[in-house]
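Both complexes below contain subunit A, partnered by subunit B and then by subunit C.
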Partner chain A sequence: MLSYILDRLKSSIVVLFVVSVITFFVLMIIPGNPAQLILGTDATPEAIQELHAAMGLDRPLYQQYLSWLLDLFTLDMGSSYVYGESVTALIARSIPVTFSISIFAMVMAVFIAFLFGIISAIKKNSIADYFSRSIMQLGAAIPSFWIGMVFIVYFGIKLRILPVSGFVPIEQSFAGFIKSILLPSVVLAIGEVGTLLRIIRSSMLDSLKQDYMDMARVKGLSTGKTYIKYALRGALTAPLTIIGMQFAKLAGGTVVVETIFALPGLGRMVLTAVEHRDIVLLQGLVMFITSTVIIITLIVDISVMYLNPRIKSFQQGEL
Partner chain B sequence: MRKNISLILGIILVLIIIAVWVLSFVYMPYPPNEMNIPDKFLKPSIDSEHILGTDNFGRDILSRIMYGSRNVLLVGIGSVTLGTLLGIFLGAVAAMKRFANTIIMRIMDGLMAFPGILLAMMLVAVLERGIQGSIIAISIFMVPVFSRLVYSMILDTEALLYIKAAKSYGSSRKQIFLRHYIPAMLPRLITQFTSAIGSAVMIETSLSFLGLGIQPPYASWGLMLSESRQFFLSYPYLAVAPGIAIIITVLGFNLIGDGLNDILINRGNSNE
Partner chain C sequence: MNETVVLKDLQINAGDNILVNKTSIVIEEGEIFGLVGESGSGKTLTAKAIINLLPKGLSYSADEIITAGKNMLTASAEEKKEHIGKNIGYIPQNTVFYLHPMIKIKNQIGDGYVYHMHKTKKEALEKAEALLYKVGFKYPKIVLNYYPWQLSGGMRQRCNIAMALMNDPKLIIADEPTTALDSTVQRQVMDLFRTINEEMKLSILLISHNLGLVKHYSHSLAVMYAGQIVESGYTNTVFSNPKHPYTRLLIEIIPSFKIKKDERLAEIPGLAAENGRDIKGCVFFKRCPKAMDICKEMVAEHIDDKHDHYYRCNLK
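Let's turn to the complex of A and B:
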């Protein structure tokens, strides 16, 4: 049990380390001199040279990497030249936006996916099943920016019931907050539903085939009870693992959604950083987003193990 | 027999796109980048000379959709091919050469950890924007999936009798790889390859939409959608054609992937 957690922890740290190496070195081979970028084209060569040295860019790469890594531990990610602010402060300010829409989207996607996934498995090959499988395929094929544009026109301009851009913090107005994140979250959720639905449907189908289902029926439990108490419980492991992975995918999806709805979140800032080649900001953002994803996956894996003792015994070599 | 419906539907959709793509080399109603300001914002109509209408520069939308199919397919198929080859190579080296195993697979774990489009965006920041940059960025995104697949399949197959037999006959590693591993892996690779094209097309259009992919004035469906954003409120038809083109392409490749998965891998005992 403990050894499994330690193992997972160890491998997460290794992955984090690899991610930091990739992030740092990939972005360091960027063409162009960051000092030149900051000072603009009419700066004197001496000024550029001076800033170059002040930023520590004349040191060997591995030294730059080590000092960057050490600074990361103290949450010092340097400062962004586009915004002229510390990266940590910028990230802290964007977190509420991105987390709100991600969590909201995930809750919606999980709810819909479970609802349709279970119905679709129980009533296999019914109209409901075909319907949810169409959602599954379409959800994965419709680009989120396209749905976003359609939503903006329909709900924002035609019906005028929802705002089409901007973010209202929750402490300012609760209704305003919900309204401002509703459309972006729905758009994000549509992209997530398909994968989740597929997994829930297939693990539910597997679970329905197991012997314990016959056993439950023989015991005289009502059909509804057998589905919920036995089939669903047996079918939870795979969807939970996937929810963790989907959360990770969401972090990438927010770039597009935040851009369409003009939300000042992490994804939007990634785009700004890429557009302006703001390396320091991009390094910080990528490290932050990826670490969050790795930590969430770790938590999900450990919780799944609590739910499913079979993994535990498998890890301990009892099976 | 219903499991073949996805395959058939997928093949039909992909054939439509391929037909449009082939036709774009033979005939396009107008040069795709030709501007004609007096004719701007013509609504789509079957009787008009511009069946799908014109955009804000009076460019023919049908021609731009046709031209865009070249970029989308080139980036989609090109990046997945490159990613697959690199992935097979790295996965095979990791599985067959012990010393390389840890290094390669840890790097793959690291690449896997970047969520979705983030890795591609980071690479685009380094590379030139355009077709080449998109192909390289998306192919690197694809590498870990394929290398992990190949790695685990080789480890699974390694213990099988016929591989042991081949080894005892003195076959070289290269021979075993080409004559035994590759055929054994083919069904899964083909399935994964097809589905990956669907996701590659989605990433390409997203990158173009964000302005990080194919650059104006060239046509790409994602770019057409992003250009239509300013005029979308008054001229919503601008977004219809590129949106549908993207959906047909992604859906088509995904459905083929699913259909192949049932036929080649699950062999009938699937949940369909």
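Let's turn to the complex of A and C:
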């Protein structure tokens, strides 16, 4: 188990290194002079030249890369041109926004998807099954910007019970925090629930057909034991992987939803950085998002291994 | 004598297609009853009808199904579940996925015992340990901590046998329990069945396509063909005086060591019918070497006076 985790960590470091090289060089060779962008079109060529040198942009690329990489180890990712603040501080500030709506959305999606996925697999072709299948269709078909707008109009403007935009930090007011993340989370959850429900339903259907279900039935166990201990246990691997992928996707920033609800999250920041060619900020964000995805994937893989120990033996060469 | 299973005139349908027809079985208390037939002859379905495990989509009807003293035709679904869980042990064909691959043996072997007998998990594990020892594991504690896929096929089958014995059942249904096992292990498993049968006085329904095996281990047997029982009776009687041409052919083709080099194994030409199992005549008509014209129209049932030999054939 430990050796597997260490192995995965080693390969994660390689991935991060490759990502850092690609991010740095691709962004650096994009045309456009950051010094020019900062100073504007009215600046004299001398002033631009001076700033260019001050920012270290006249050094060879590999030198710039190495100093950037070394700074990365101390969590110093430079400072943003647009915000004039350190990238680390900016990311740290938007993490609570993006992570709280992502976590909240995933909790809702997971709960609903498991509830209806399990019921619709057990009671195939029942009313509950048709209902679940409509959830799948709707979740896949409704664009999040549209449902977000509908929510804003209905809950924010017509009923006036929820704020239409902005983020309230949890330490400021708990009720305010919940209210501010509720609508965006629901919108995100609607986007994810369909896929997850589909996977849970089909894994459950598959598990219900397995021979061990015959055994559980012949043992005459209670319905709960039969379906949860035997059927669901055999059906967890695929949904868990999907949950990890979905969460990793959301945690990397949700541009559309953050924009609609004017939330200062990671997705908005990526957008701003791209719009303003804030290369330093963009490099920092890409590195951060990549690390997040790698960590989440690692956690998911370890949980899957725990659930399905055959994978562990396979890794260790027992099988 | 008391009967553990009484099955009268069972018919199983998949839509309009009849899979099992006019099947009656009586299993006496404490006997090993062999149910023999080719693949697709309806052996497993018949057994599953006894323990209420028929797949969805199949319907069945019968004049009488009494399993371990309870009438299955009048019992409610909940009663059936409870009764079968308590009194029947099921040993399936291939054990790879009959034991849940993601649950350790100790967490699945005793759950029926805990549920039906109202015992603690600790008591269940103690009993499981004793039973695993009985089925031939020297270190049952270690086996309990394994996942099923860490055991060999023979070990898994013995775990299944131990699991089936947990509730001290009245009947064990063993559905081709030795398929996928090599012949040494096959022998061990079968001897184990015999020991269990003798020591615990429980009935065993042994489903097999291996007539040699059934001859060796069962007290009574029934031969199934195309969804019908064509001959049944005490094993000795049937083997010393087989009446139905199908049984005779089956007995003739049991492989023996007398076979010469390059000699082909004997076979019965043709295949069992998939459809038309409800015809008035004999289901074996097309493959029967002694078929007569009358066999198309009707088939006679013979039961001798002592009720220990039954067959469906127009031959005397």
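One rule holds for everything that comes next: the second predicted complex is superposed on the first by the 317 of 319 C-alpha atoms of A that agree within 3 Å, B and C clash if a C-alpha of one lies under 4 Å from a C-alpha of the other, contacts with A are read in each partner's own complex, and residues count from 1 in each chain.
Quick note on the criterion: a contact is a pair of C-beta atoms (placed from the backbone, for glycine too) under 8 Å apart; a residue touches a chain by one contact, two chains touch by 3 or more.
Note that this is a predicted model, so its numbers are computed, not measured.
Participant: Aligned on subunit A, subunit B and subunit C: do they clash or fit?
Facilitator: On the superposed model, which is not a single observed complex, subunit B and subunit C fit side by side.
Participant: Counting only touches as set out at the top, which of subunit B and subunit C does A:Ile101 meet: first, second, both, neither?
Facilitator: Neither: A:Ile101 stays clear of subunit B and subunit C.
Participant: After superposition on the shared chain, which partner residues are touched by A:Ser222: those of subunit B (first), subunit C (second), both, or neither?
Facilitator: The answer is second: A:Ser222 touches subunit C but not subunit B.
Participant: For subunit A, which side has the bigger count of touched residues, subunit B or subunit C?
Facilitator: Here the partner covering more residues of subunit A is B.
Participant: For A:Ile289, is the partner it touches subunit B (first), subunit C (second), both, or none of the two (neither)?
Facilitator: first
Participant: First (subunit B), second (subunit C), both or neither: which does A:Thr259 touch?
Facilitator: first
Participant: What is the contact status of A:Met305 with respect to subunit B (first) and subunit C (second): first, second, both, or neither?
Facilitator: Neither: A:Met305 stays clear of subunit B and subunit C.
Participant: Kindly classify A:Ile190 by the partners it touches after superposition: subunit B alone (first), subunit C alone (second), both, or neither?
Facilitator: A:Ile190 sits against neither subunit B nor subunit C.
Participant: Return first, second, both or neither, reflecting whether A:Val270 touches subunit B, subunit C, both chains, or no partner chain.
Facilitator: Only subunit B is touched by A:Val270; subunit C is not.
Participant: Touching A:Tyr212 in the superposition: subunit B (first), subunit C (second), both, neither?
Facilitator: A:Tyr212: touches subunit C, not subunit B.
Participant: Once superposed, minimum distance in angstrom between C-alpha atoms of subunit B and those of subunit C?
Facilitator: 16
Participant: Would you please give the residues of subunit A that touch subunit B in one complex and also touch subunit C in the other complex?
Facilitator: After superposing on chain A, no subunit A residue contacts both subunit B and subunit C.
Participant: Would you pull the subunit A residues touching subunit B in the complex into a rising list?
Facilitator: Where subunit A meets subunit B, its residues are 11, 14-16, 18-19, 21-23, 26-27, 29-31, 125, 137-138, 140-146, 149-150, 152-153, 157, 201-202, 205-206, 248-253, 255-256, 259-260, 270-271, 273-275, 277, 279, 282, 286, 289-290, 293-294.
Participant: Would you mind writing out the residues of subunit B in touch with subunit A in their complex?
Facilitator: 2, 6, 106-107, 109-111, 113-118, 121-126, 198, 202, 205-206, 209-212, 222, 225-226, 228-229, 232-233, 236, 239, 243, 246-247, 250-251, 254-255, 258, 271
Participant: Per the contact definition, I'd like the list of subunit A residues that touch subunit C in the complex.
Facilitator: 210-212, 214-215, 217-222, 225, 229-230, 233-234, 307-310, 313, 319
Participant: Going by the contact rule at the top, pick out the subunit C residues touching subunit A in the complex.
Facilitator: 51, 53, 81-86, 88, 90, 92, 94, 96-103, 111-112, 115-116, 147, 149-150
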